[in-house]
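Structures are listed in the sections that come next.
Paired with subunit B in one complex and with subunit C in the other, subunit A is shared by the two complexes that follow.
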Partner chain A sequence: MADRKALQAEMISGHSGPAPGHGMQRDLEVCKLVDTTTCIGCKACEVACAEWNDLPFSPTTFDNTYQTMPETRWNFWNLIKFNEHQNPDGTIQWLMRKDQCMHCADPGCLAACPADGAIVKYANGIVDFNQENCIGCEFCVSGCPFNIPRFNPATKRVYKCTLCSDRVGEGLEPACIKACPTGCLKFGTKDDMKFIAEERTKQLRDNFGWKNAGVYDPQSVGGTHVIYVLHDATDPERYGNLPSNPQIPWSYTVWKWLFKPVLGTFALFGFLGVVLHYVTSGPRRTQPEPPAKDGANVNV
Partner chain B sequence: MTNGWIDIKNTDMMLIMGGNPAENHPCGFKWAVEAKIHRNAKTIVVDPRLTRTAANADMYVQIRAGADIAFLGGVIRYAVENSRIAKDYLVNYTNASFIIKDGFALPEDGLFSGFDPEKKVYDKKTWNYEEGGDLAGKPVAATPPEKTPPPLPAGAAPPPPALPPNVAFDLTLQHPRCVYQLLKKQYERYTPEMVERITGIPKDQFLKAADLFTSVRKDGDMKKVATIIYAVGWTQHSFGTQIIRTAAILQLLMGNVGRAGGGVNALRGHSNIQGATDMAGIFDILPGYLKMPNPADVDLATFLKRTTPTESKPDPWESFNYWSNTPKFTVSFLKAMYGAAATKENDWAFNYLPKIDRNYSWVNIWNDMYEGKIKGIFAFGMNGVMIGPDSNKNIDALKKADWLVVCEIYPDETSEFWRAPGITADDQKKINTTVYRLPGAGFAEKDGTFVNSARWLQWKNVAVPPPGQARLDQEILATIFLKVRELYKKEGGKFPDPVLNATFAYTNPYNPSLAEVAKEINGKALADITDPKTNTTIKAGQQLPGFAWLKDDGTTISGNWLYCGSWTEAGAMMQRRGTDDPSGLGIYPNWGWSWPANRRVLYNRASCDVDGKPWDPSRRQVWWDEAKQSWVGVDVPDFKVDSAPKDHMGPFIMNPDGVGRLFVPLGGMQDGPFPEFYEPIESPLANLLHPNQSNNPVVKRYKTDMDKYASTGDKEYNIICTTYRLTEHYHYWTKNNPMNVQLVPEPFIEVPAELADRMGIRGGEKVKVTSARSHYIAKAMVTRRIRPMQIDGKETFQIGIPIHWGFRGIVEDEDRTAKTLANQLTPTIIDPNAFTPEFKGFLVKIEKA
Partner chain C sequence: MSTSRSISGSTSSGAIERFDDKARESFEHLGQTTVYRGELLRHPVYTRVVHWMVALFFFLALFTGFSIYLPWLFRWFTPFFGGGPLSRVMHPWFGLGFVVFFGLQALNWLQPMIWTAADSNWMRNMGKIVSGEAKMDPPDTGFFNAGQKLQFWEIVGGCIAYLITGIILWAGARTFGRIPVAISYVIHDISAVIMLGGIFIHIYQSTFGEPGTFQAMVRGAVSEAWAWTFHPAWYKQVTGRDPQQACEEARRQMTTSSKP
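Presenting the complex of A and B:
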C-alpha cells in the first residue's frame, strides 16, 4: 500500500491552482469525485478502464441508447449510464453518470462474502476483490446495494472496479481519472473531495439555479469512496437507478453479527449464512429496481 | 479560431451553435467547463438536437436545422433595440460609421442590389463605401456620379470597382446610409415573432436566450466577454459562410472580438484541418491564404496588383493594411518553390504556378469526374465515397474514371467503390477503373505537426513504426514526384519546367524528413539582410525569425509566410513544451507556436479602448505603454507596435479599412454584404421573409441526371434530416477498431419519440430513410431529445443520422448492418463562398424497413 506522502493530493486533474489541503498530514482515505454536472458522457473513462485493466472485448448490440451496454460486465467495470429525464415543465435533462463500484465504507459485498481473503477493504477505503480466493458463490453480488460485482462463468469468479488499487498503491490516480478530459473526475483524500464537492454544489445552487444540488455520499453504507455531485440530490434514482438509501440486505448484517466471531474457525457457519440468506432473499438477487419515474425514460 | 481553446476558460458567456464540442472536441471542452467552474460562465446551446453539449448547458434551445441566420439576426435586432452594444468599439473599430453608396439596396424582396437573374450573380458595384470625408450633420446627398474613367485601350476589360481611399463617414451613426443604420434596417424584419415562425423557437424562449447572451453588455458595460463557438453545423449549408458572418457581426456589435474569452471560434473537425487550410489544401488559395492566380494574371505585376489591397479608410484614421505585404509573401513563396530557377527576370517563375480557370472545389471535382471531365484522382487521408455529398454519384463518378489511387490504412469504401452494395458481378465487369491501393501510415506512425483549431503548431513524435509494407505519406508522394520528374526529363512534355525546376533539396529526397520540410516552410535568408531600425543582420542561410523579414527581391524564401517564425535559428518553436503561463490567461507563450507570430488572440488591439487601456484590466492582454511609446503585453500585440492610440489605427489590420466589417464591401461575399436568411435548398416551407426568393439566389443546382432535389414544401419528403459525428467514432476509420465498435456497435437514426409513436416505430427497430436521391437503413433510436417543432404554425419533425458506417468495417464485414451510407441521402449543393456541401437540413421521409 502507498505511504502517506504518495497519496497526498498534490495535483488534481482538471483542477487549476493548488490542490486543497496540500502538504497537510492526515489519515489516508482516498476518494473519487464524479461531478455529473460536468460529465459529457465521452466514455474516455470506460476506455481507460478497459485498457488499463486489460479487459477483453465483448460484443454489444444497439439498445436504443448511447449507453455502451445495459449494466457493467465482468469485463467492463466502468459504465456511463445515460438517462433522459423529463422535468415537470416538459423539458428534457440528459443525464450521464459514471457507474462503478462505490467502494463503500461499509461494503455489503464484503459482509456477504464467506471466502477468506476474497474481498479486502484497505485502510485507504479501497474495496478490492482477490480472485485467487474467490469461491464463486456470488454472495457479494446480492450483498452489494449498487449492483456491481459481476460473475464470469468461464473463470467462476467475480470481478469489479478495483479503484485501480495497483495504480493508487504506486501513488498514481486511477486510470479513469487520468483519462477524463473535462476534469469532472477528481481523485484525492475523502476530506478534500468532500470539500470540493460541497463547494461545487453550493455554486450550482447559488449561481446556476439547481436548488437541490447536492453530494451523494450515502451514510446508510457508512459513506462511499466514490461520491457524486448531482444536480438534484433528492432524486438520485433518475441517474440510472442510483439508490437514495442503499441498504445491505439485513440477512448479511445479521449473519455477520451472529457469526463473525467464529467465522474463521467454522467455515460451515458460512454455509448457514447462505441458507439464511437464501431463505430471506432468494438466490443472488440484485437490489430491487425502483419503478421508472415516468414514461420519459426511454432508456430501456 | 480568433482566440484559442484554452482561452475559452476566460469567458463569461458561451453561445454554442452549429457545433457539438462536448461530443466532437471533448478535450477542448474542458475549457468550457473551466469557465463554468471558475467564472460562473453561462452556456447557451442552440441545436436541432439536445446533444452532449446541450446536456451540459444552462440553456438549451431547439432550432430547426438551417434557420441559424434567422435566430442570429433576431439576436442582432435584440441587441440593437435594447442597447446591448459596445458603442465606442462600434464607432472606432468597425465600419459602423462608414457611408455606403447610394443605390445599394437591402434584400427586402430577397435580393440585394445588382442581381443578374440570368447568370445568378451579383454586380457588386453598389456594395461599396462612398468616397468623401466626414458627413456628420451634413445634409444627406446622393452619391456623386463617378468621374468618367480615362478611355480604355481597345479590347481591355474595365478595371473592377475598388474601395475608395478616402471613405465617407459619420461618427454619430445618424446618416441613413451609414452601415449602422443599414444594419438596423436589415434586421428590423427579424422580429421575435418572425424568429419563432422561421426557427420554431417559441418567442419567449428566444427572448430569454437573446437576453441571456447579450446580458454581458448590459448598460454598455465593457468588462464582461462572450464567445461564440461553432463547427461544421454552421459551415455545411448553402449559406454557411453567411451564418458565420452573422456571428461576427453580433460579436463586433457587442465588442467581443480581440478580447480574452471572446471571439468567433471555429472548432476544426480533424486534428490537422487547420494546417491543411493554412497550407492551401483548397483549390483557390496558395499557402498562407495568398490568392491563386487566374488566367487573366498574365504576369506577376498583374497578379500582385489584383491581390494586393490598398488602404481605404476615413482620412483622419490610419490603416496598417497588412496585406500590402502580399508581394513579399508571394515572391518568398515562389523562391521557396522554384529556387534558383526563380529570377527577377522571369517574374520569380510566376508562370510556373497553375492558373485556375474554374471552380475546382470538392463537389465540383466529383461532378466533373461524373461528367467524364476528370479522369483520375489521388485519395490520401480521405474517403471520398463516404464523404459525399450524394455518395452514389461519387461511386458512379469513380466508375467513369480511368484510375484511382488510394493511400489508406484500412480497406475503405473509396478503394472498394466497385463492391458497393447493389453493384452486381455483371456490373463489375463493366467497370474499367484501375485502382491502386497504397499502404499508408497511421497518425501514430509518423512525426510532424498538427495545427489545432487555436492555430497552434504542435510537433508530435512517432509512437510506433509503420507496420509491414506501409510507408510514410511523404515517402510515397516524394517517390511519385521524383518518378514523374524522371519521366519529364526523359520524355519532355507540354510544360516540364515547373516540375523540373521545383526545389526538392532534401537530405533523402525519396523520403524527406518532415523537420526539413518544416524548416523550409518557415524560410531562410538567401543573402545577408539587415533591419535598419534595429541594425540586426540575418546571415545568408539562416532561418528567419518572422515574416516581417520577408522581402520581395528574392533574398528570402518562405513556403508559408504565416508559419515564418515557427522554426528559427533558436530552434523548432513548434516543438516547445514550456508550461509557464505568467499571465494566468492560458497563453502559454512557450508551448508550441501559433501563427501569426506566436500570437494567441487575433486582433488583440481591440481588447483596449481607444486610449490603449484594457476594457477589463483583470484580463489584460496587450496595452499601450506611454513611456515606452509602444504596445506591450502578455500576448504578442496584433498591431503596429509603435502606432500610438492618438493616430487611430484600426485594430483589424488584415482589412485595408482597418476595421471589423459589419458590412462586407465589394467582392468579399458572393451573396450579400449583410447576411440574409435563406431556406436550405430542400425545405419544408418557402422563405417567410420573401417567399418568391426562398433560397440563396446565387446558389446553383447541379444538372446531371443524378442531381435530384425535393421541392419546397414537398408532400412526400417532409421530414428535416441532419447528419453528424459521435464521440465514440472517428469518421470512417474507427469502425475497424474493436474498442470503438464495442462502445457504439451499429449505425442508428435518431427519431423523435412523438414521430416514432405516430408511426409505430419502436426503439431498436429497423427504419428506412429516403431522400430524393437514395435511402439509408439503420435501427431507430427513439428519443425525447429531439421534439416536434412548430414551423410557421405547422408541426414539423427533424431526425438525425450519425455518419460513421459504410460497407467496410467490423460489423459491416460481419453482415450486421444494411451497408448503406448516410451521405447517399445528401444533396449536391454548395455554399457559394466556401463551396461546402449542405449536409445539414435536407428533406427525407421515414418508414419501417
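Presenting the complex of A and C:
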C-alpha cells in the first residue's frame, strides 16, 4: 500500500463516477520548484528527461537563440525557453525558463478530455496521461492554458511530461531534478517548495534589488504543482510566454459537467417519447380504416 | 402496372439546367421504380439513393461521434472502427460524406421544401395531428408537410454548423486557437443532440408511426390512400381528384364489400 499511496487517482477524465482513491488516504502534494534566477541554461534537465523516459530523438530547429527547439514536442517534454529581455534602462537579461507540464490543481486538459481515464490527476497533484485510453481528439490541447499536450501523428495520441510519476511513485525525485547542477530545480512537498520559493523571492527583493521578484503559482487554475521564482512576477509573459492569468474555457467546466449529460438525457427522452407515443395514441393509419368492431372501445 | 420515369415533386424550371438534372436522369436508367395500380410515384431512384447515402454517413458519423462524445458509455462502438483514435480520425470524413450527400439532397428538394402558408396552418394543427385526433392531415398539406420541412431546414442549419465547427475541431487548437475550439465543441455537440432527437422522430414516423411510409424511400411508391391521408394537396395535384371525396368513396366500397 505504501508504494501505491502516492499514485491514488483523485480526478479521472470523462469518468462516470467518483474517482476510486479520492480522499481515501492522507497524501502530501508534491511540487517542483524552478528558480529562474539561478538557471544557467545548461539543458541537463532536457537530456535527463529524454534519457529517463527513453524518448526517441528527432532533429531540432535552430531559431537563433539558446533554445534547443522552438517548442516542446511529443518526444521532448522539457524545454528551456530562452529570451533575451531588454530592461527599460537598456541593460539586458538572459531569461531561462524550464517549460513543461505545470500539473495544475484544476487541470484544463482533464476538464476538456472526454475519454474515460485518459487523463488522471493523482492525489499527490501529478496530472498524467494514460495513452491506452486516449482517443486523440486533442481537446486537451484547447483545454491547456500552457500549450503543453503534444499529438503524435504515428500513434494518434497525446503525450506530455509525467512529472516522472513512475519515479515519484517509488519515492524518487523526477529525473530533471536529479540532473540539475545549480540547485535551481528542487522537489518536495508543495508547502515546503512554496516556503523555499517565498524565502528566495524575499532574498531577491531585499538583497539583490529585484523589487518585483515573486512566485508564480497561478490561482486561476487552482495553483500548480510546478512553481517558478521569477525576477519580475508582474510580467511572466517575458519568460517564454508564461501566461499571467491562465484560464480554462467556461465551455469545458459548465458545458461538460452540466449540459452534456442533461442534453444527452433529452436525446434519450426523444427515444422514450416515440415509444410512449406508439403505446398510447398509436400509429396514424391511412384512411379509411376498417370499421371498428361492434362493442370495441374506440375513443374519439 | 406501369414503370414511371417521371420525376415528381421537383419540377425544376426548364430554363436553367441544374447539375443534378443529369444525375437524376441517369439514375432512372440505373434503377427503376415500379408503381402498381392504386399507387403513386413518391421518390425517384436518385432521391432514394441520395437519401440512403445520407443515412449511411449519418450513422457512421453518429457512431464514431458517440465514442468521442461519451467514451465511458459508447467505448464498445469503437472496435468497429479500429479503436478510439481511429474513430476520431474517421469521424470528420464520415461527417464530410454526410454534408456532401445531404447537400445533394438539399439541392434536389429545395423547391418542395419552401415554407408556405399551408405549413403555418399545419403547425397550428400539429397537436391534433400528433395526438391522432386528426385522422387526416389538413387538406392543404402538399408533397412535404411542415414537420418534414422543419426537419429538413434543421439539418441544413445543422450541416452548416457541423461544417464550420467541424473544420475548427478537425484542425484543432494549434491552428485555430483554444477559444474557437472550446466554442465549436459546444455548438457541434448541441447540433448533434438536436439531430439525434430529430432522427428518433424521423425513423418512428416513417416506420411505426405512419404505416405505409417506409416503402416511399425503398420502392419509391406509396398507396393512393397514404397520399390522400397524409398529403392531400399533393394527391390532388398528381391525380386531379379530390382527396376527401376519394377517401369517402373508398370507405363506401369498404363497407359494402365487408357486408355479407
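One rule holds in what follows: the second predicted complex is superposed on the first by the 229 of 300 C-alpha atoms of A that agree within 3 Å, B and C clash if a C-alpha of one lies under 4 Å from a C-alpha of the other, contacts with A are read in each partner's own complex, and residues count from 1 in each chain.
The rule we apply is simple: a contact is a pair of C-beta atoms (placed from the backbone, for glycine too) under 8 Å apart; a residue touches a chain by one contact, two chains touch by 3 or more.
The model shown is predicted, which means the values in this text are computed figures rather than measured ones.
A.B. asks: Quick one: is A:183 in contact with subunit B, with subunit C, with both, or with neither? Answer first, second, both or neither.
C.D. replies: In the superposition, A:183 contacts subunit B only.
A.B. asks: Regarding the shared-chain residue A:42, is it in contact with subunit B (first), subunit C (second), both, or neither?
C.D. replies: Only subunit B; A:42 stays clear of subunit C.
A.B. asks: Now for A:60: first (subunit B), second (subunit C), both, or neither, which partner does it touch?
C.D. replies: first
A.B. asks: Could you tell me if A:114 is touching subunit B, subunit C, both of them or neither one (first, second, both, neither)?
C.D. replies: second
A.B. asks: Touch check for A:139: first (subunit B), second (subunit C), both, or neither?
C.D. replies: Once the two structures are laid over each other on A, A:139 reaches subunit C alone.
A.B. asks: Subunit A residues touched by both subunit B and subunit C?
C.D. replies: On subunit A, the residues that contact subunit B in one structure and subunit C in the other are 14, 16, 300.
A.B. asks: Hey, which residues of subunit C end up touching subunit A in the complex?
C.D. replies: Against subunit A, the touching part of subunit C is residues 67-73, 75, 78, 84-89, 129-133, 135-136, 172-174, 178-179, 181-183, 185-186, 189-190, 193, 196-197, 200-201, 204, 208-212, 223, 225-226, 228-230, 247-248, 250-251, 254-255, 258.
A.B. asks: Taking the touch rule as given, give the residues of subunit A at its contact with subunit C in the complex, in rising order.
C.D. replies: It is residues 14-16, 112, 114-116, 133-139, 141-145, 151, 155-157, 249-252, 255, 259-260, 263-264, 266-267, 270-271, 273-274, 277-278, 281-291, 300 of subunit A that touch subunit C.
A.B. asks: In their complex, what parts of subunit B are in touch with subunit A?
C.D. replies: Per the touch definition, subunit B meets subunit A at residues 22-23, 26-27, 29-30, 33-34, 36-38, 40, 50, 52-56, 58, 60, 727-728, 738-739, 742-746, 748, 753, 763-764, 779-785, 787.
A.B. asks: For subunit A, which residues count as touching subunit B in their complex?
C.D. replies: 14, 16, 37-38, 40-44, 46-47, 50-51, 57-66, 68, 84, 86, 91-96, 181-184, 200, 203, 207-209, 296, 298, 300
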